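Have a look at this one.
We call the chains A, B, C and D, going by the order they appear; numbering starts again at 1 in every chain.
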Amino acid sequence: LAQKAAFLFPGSINDQSWNAQGYLGAEKLKSLGWQISYSENVGAADMVDALRDYARQGNNVVIGHTGRFVSAAERVGPDFPKTLFLVGSGSKGAAPNVTSIDYDNTQFGYLMGVLAARMSKTGKIGSVNSLEGIPNVTAQVGAFRLGAKSVRPDIEVKVIYIKSMEDAAEAKEATLSLIAGGADFISGKLNAAQSGIIQAAKEKNVYANGRSYGHTEIAPDNVLTNIVEKWADMYTAAAEASKTTDMGGKYILYGFNTPGSTGAELSYGEGQAYNKVVPKAVVDELDGLKKKFASGELKISVTKEDARGGI
Amino acid sequence: MLDMRGIEKSYGAVKANRGIDLAVADGAIVGLLGENGSGKSTLMKVLFGIVAADAGTITFKGRALRHHGPRAAIAAGLGMIHQHFTLVDAMSVTENIMLAWDRAGWWLRPKDIAREIRSTSAAFGLDIDPDARVADLPHGQRQRVEIMKAILAGAELLILDEPTSNLSPPEVAGLLDVMRRLKAKGHSIIFISHKLDEVLEICDEVVVLRDGAVTGRGPTRGATKASLAHMMVGRDVTATVARADITPGATVLRVSALSRHDAAGLARLDDVSFSLRAGEILAVAGVDGNGQTDLAEVLAGLLPATGGGIDLGGIDITHAAVKERLAAGLAYIPVDRATTSLVPAMTVADNLALREFDQPPFSQGGVLRKAGFRARALERMGRFDIRAAGPQSPARTLSGGNQQKIVLAREIGRGPKVLVAFQPTWGLDPGATRFVIEQILALRAAGGAVLYLSAALDEVLMLGDRIAVMHGGRLSEPKPRAAVDVTEIGLLMAGIDPGARAA
Amino acid sequence: MDLATLTELLSATLRIAAPLMFAALGGLLSERAGTFAVGIEGMMLAGAFGGALAVFATGSTAAGLAVSLLAGMALALVVALATTRFRADQMVTGLAVNILSLGLTSFLLRGLFGGRTPVIRLPTLPAWPVPLLSDIPLLGPVLFRQPLLVYAAFLLTIPVALFLAKTRTGLMLRAVGENPEAAFAVGTDPQRVRVAAILVGGAFAGLGGAVLSLQEVGTFTDGMTNGRGFIALAAIIVGRWNPFGAMAGCLLFGAVAALESRIQGWGLPVSSYVVQMVPYLVALALLAGIGRSARMPGAIGVPFVRH
Amino acid sequence: MRTLAMTAGAIALALLVTAGLILLAGKSPVTAYGALLRGAFGSLDRVAFALNKSTPYILAGVGVALCFRAKVINIGGEGQIAVGGIAASAVILLAPAGSPPVLMLALAMLAGAAGGAVWAILAAWVFIKRNVHEVLCTLLLNFVGVLLVSEVLRAPLGEDGAGFPQSPLFPRAGWLPKLIPGTDLHIGILFAVAAAVLGHVLLWRTTFGFRLRVMGASRPAAAYVGVSTARATFAVMALAGALAGLAGGIEVSGVHNRLIEGFSHGFGFNAVAVALIAGLNPLAVLPAGLFLGFLEAGALAMQREVGVPSSLVYVIEGLMMVFVLCAVGLNARNRRV
């Protein structure tokens, strides 16, 4: 009997970003013989219903691809003890059968901060984000600032939060405003809107980091690397493991220090970690940091203050 | 020139036109007569392509007009002034005229057009300010704009649907003059009016409608008002009404030095003073647009006074809310049935309750009592002879005369101390006009005081115990009816003070 | 604030206002003729989609603009037919086509690419400095170093204003919006005028969408207009249904949006959410301060019925 | 009757057009529509979900209907719902532990209604006193209200460490009771039915409703009658705001059991649609709201069960609205005032 899994996406898998990455997880599980169904544009009001319905349809694993699903999964979980509810980028598990998965945003944010600080000529860098205050955003943005300051204490890090994760035009304007203020490396954690950052970086010829290979494609000269989230790996690992072990009630944070998957990777293109303009010394420095993360020697903890808007 | 045959038109169950034939010769003026709701306007709308006839043919200048719209009608040489104005209130007079006027050209030249309007309107004695916004113009002025529109559009056959209702006697004379001139140039005219004198004076022949069908036609030569009226309603309605001799009682309304300045600081009412006694009618003549609207609305509480005082039965109501004025015994019949005194979309019963819905018998403690609405409606419909399918019929389905009866029934029905009536016979047929006048006299007989504002001199002379004239926001000294000199009133209406001239 | 910052801020204002301008001018035509333009959000989205698709397929910007214009019109046609022929309520019809547009663009995008998540990458329209003018100090960089569609958006205001104020057709359009019976009585067919106004409005709104997909971000993503149509509606009201007024309204919203990200840069002790409220509150306060408002076109929302 | 028949025809037509698109997407329309029906009516749970979905549409829709009757174009439902949700949540979260559930819920619902009313009155104030167009006031305050949810979740009401902007789960006492135990159906639908009935009575049976109707039919007539349009506007806006705010309170306490960002996604606009489809009759808002609620419930289930793209859900909803509006529009001429 084939295992069944259902995916719920908060937006459209057309978004060339967050939802598209999650959808790769569905495809990967399918290739492993799972029976897959999925829904898109699941609004907050419909999450409970959607989780319940999929559980009722006999799915072994129901995956909600945004932290917002934790609330709904907590509600539905107890009614379907045989189903595993996985929440991507959630921040806590709930016994017995709700598990959150994320990659360690602090590690990748920190690496971006170091890269940005090393590559910036102006001594000013920036980051465009949305959803101020939620943990994974705080983690990446705060670590970005900490990473940059760790190698260049005098660097100016300016952070902007925009209204929508999906509004590329808004992100582009925000990025342009950072560039106008002198920033020459722009980071960020946005969904469909990420391409707005890249577009602005391209037009003004500054550096940026993307979130998928697609972003490299937009501006090969300006994108230095992408934080490519390996949702396919993470979901597959958790789902496959659930066949044999009880995966419920956990909060799994993948990173350089975890076995199985690093959760995300820095990648410029297939088989290439960084844009070739990144000097060897910087690459070495970043690789060193990765090793420190892997060994547990380096741990980043971030406060809301680190991720505050503005300078 | 025009030959309409077998025109049929129904609105749902209402047969507005049943097989009407109408012919108009070159250079002829044909009068179209009939009671309210007899189908005159409908027939003209069919001709002008505004409504599509159910059956019948139209031939104009030898060519068939079929499935045409107003554009085709205008192109063919028709022009129409509607009973209900078709002006864009938010636009200037010039814009309204350019809209109607192909010759205004693709690229608008408002200055040039305004100049033409000025000269043409002066030539016809219409006196229009081309730059005024239509919304700011009083009723009478708007009608002049309509006339102007049709004249400038150069129609060969002109349809005038009750064009004279709001014109003062000299203006009516002026219009009739215009019509004669048009006729002399070979134009034809269809003239709709409830004023039989005018019809007799200007028309070559008349066609009379009743209930959607032709009940009579013939030349005006030899016809009399009585014979025309008889054709219209089957009885004589033109005999003068009887007015009882009443000794007026105590003063109930005292208006002193009332004035109103509009937002632009212009004096609309200028130091108006008069008093009114129980059982007395003060009739005020005046060309529309000389402050009558302001006087009526300031009294009714719809516009604020900027100076002076109003005392009703001992209560100072100068700044009182509408409700308090009602409670003090004030009734008001505004000129505008379509949007003010009636809510056409609401039922007859609702409209009869309009000003008292928050009191018994209509409601108690904020809750409407359907039975109260119904009982009152049935009673008033009987007493004022309101012809409607029932209390629940929407008011818009009633004829103009019956709509006005609703207003009368509501305002007079509760026995007010003071009634302000502003052109209450506007657009009504002779029968309905007579009904209104009888009701107002009945109120007077019952001890009510009436301020009667009208542009129609005959009504003013018929009704007023005392008579005054309004011009430029000022009210002349009211004179007892016995002391009134008609030429003097005419001069006052035209803004010439006879006393001053004598001096 | 130094001069460079100011220049840059103004320049951003113009860029942000440009898509709003197209939509607002289009909506204005529709509303002046008596039809609420609630559907411009959807028409913008359709335009953004059509434009991106056409450039992707043909590589020609001209084709992209043409298709975006047609896509906006196609959706406008739905509004026009529903509100004139069937007298459907204008406001809800607008809301409905917004939903329809969101669904159809997403469906077609995927449908045309065989069910896979497609990736559309287009070159964005570059800034096009006007020779000479762009060298004027201060003003030059603000006004004359913009991408093409920014110029187009602002220049479009002039013909629209002239059309409404100075031509007989414009007069008729306004008359239909104020009192269709009056317009009808002098030979205008109000239905046709309204249909035409809605269609042209849809075309403009479609171009507004193209500004986003072709000039700003170089791709199409679902729902990428993200409420800009409603902001354009607000700008129309702010501008009291006048083309130049609407332009001022769009500039107002553009300026506060541009300020928004810059204010965040100051590191004020408030959250980004509070800063994001600022544009709306500023607009409201400004209007309340002015304290005057034009009335809507008289017959807006009222279907014209010929007996 | 005619309207009903034509509406049914319109719905059929919309389904037919969408069937073509479903075919294009490589799925069977028969299977899909079967799933839609099952998703809407297939079980008690489905019906419960659909009724819950309809509840805010009906509540806010009744308020919109009353406003539009008076020609006060209130499109601020979205913001009013948001603020109502905040107010209700604040009461529940800040109430001392161990408060009696009935009292706490009653206070929370009142607070929700009050919050919505305040938000609406704010718009009415700018509209009446400062003469700013009401569409603009209500629209702009929508944006602010929605952002206000994010802001209170970031700071005072937010749950620490949550993966999303949301408040802590309400204490049990703050959960709206279930109407049918074992399902998700909370008692909100009772409020909705009551609102529709009371709205009907208010509009047709009270002096207040009479004022609204006169005012909506003609402003000059209202002045002539002595209705103060300012007072009536404040009153009807406050009422509509209260209903929308109550809907917000019901939504957070009944559906989510917490305040969460995006808990009202387009409800305010759906309420406008529902009110207008109902011909601005509060009683007819009930079936109209139910229609939309069941349609959405069915369409979402159809997506899950058959795998038609979610975009088709929007297409169905949009097409259905357009076609139904056309059917309603053709018959709107004889609307009672």
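Just so we're on the same page, contacts are C-beta pairs under 8 Å (C-beta built on N, C-alpha and C of every residue); 3 or more make two chains touch, one makes a residue touch a chain.
It should be emphasised that the depicted structure is a prediction, and the values quoted were computed from it without experimental measurement.
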item: Farthest chain relative to subunit D (centres taken as mean CA coordinates); value: B
item: Whole-Å gap between the CA centroids of subunit C and subunit D; value: 28
item: For subunit A paired with subunit B, centre-to-centre distance based on mean C-alpha positions, whole Å; value: 75
item: Inter-chain centre distance, subunit A versus subunit D - centres from mean C-alpha coordinates, in Å; value: 34
item: Where subunit A and subunit C are represented by their mean Cα positions, the distance between them in whole Å; value: 34
item: Subunit C, residues touching no fewer than two other chains; value: 106, 110, 222, 271, 273, 276
item: Residues of subunit A engaged with two or more neighbouring chains; value: 12, 132-133, 163
item: Shared-contact residues (touching 2 or more other chains) in subunit D; value: 147, 154, 309-311, 313
item: Pairs of chains, among all present, that meet the touch criterion; value: A-C, A-D, B-C, B-D, C-D
item: Partner subunit A, residues of subunit D touching it in the complex; value: 45, 49, 53, 147, 153-154, 158, 161-166, 169, 184, 251, 255-258, 260-265, 297, 300-301, 303-305, 307, 309-311, 313
item: Touching residues on subunit C, where the partner in the complex is subunit D; value: 78, 82-83, 85-89, 91-93, 95-107, 110-111, 115, 222, 230, 233-234, 237-238, 271, 273-274, 276-277, 280-281, 283-284, 287-289, 291-293, 296, 303, 305
item: Interface residues, subunit C side, partner subunit B - complex; value: 165-169, 171-172, 174-175, 178-179, 181-189, 295, 297-298, 306-307
item: Touching residues (chain side subunit C, partner subunit A) in the complex; value: 4-5, 8, 12, 15-16, 19, 106, 109-110, 117-119, 121, 124, 126-127, 212, 216-219, 221-224, 226, 257-258, 261-262, 264-268, 271-273, 275-276
item: Residues of subunit B defined as touching subunit C within the complex; value: 11, 48, 50-51, 69-75, 80, 82, 85-91, 95-96, 98-100, 104-108, 149
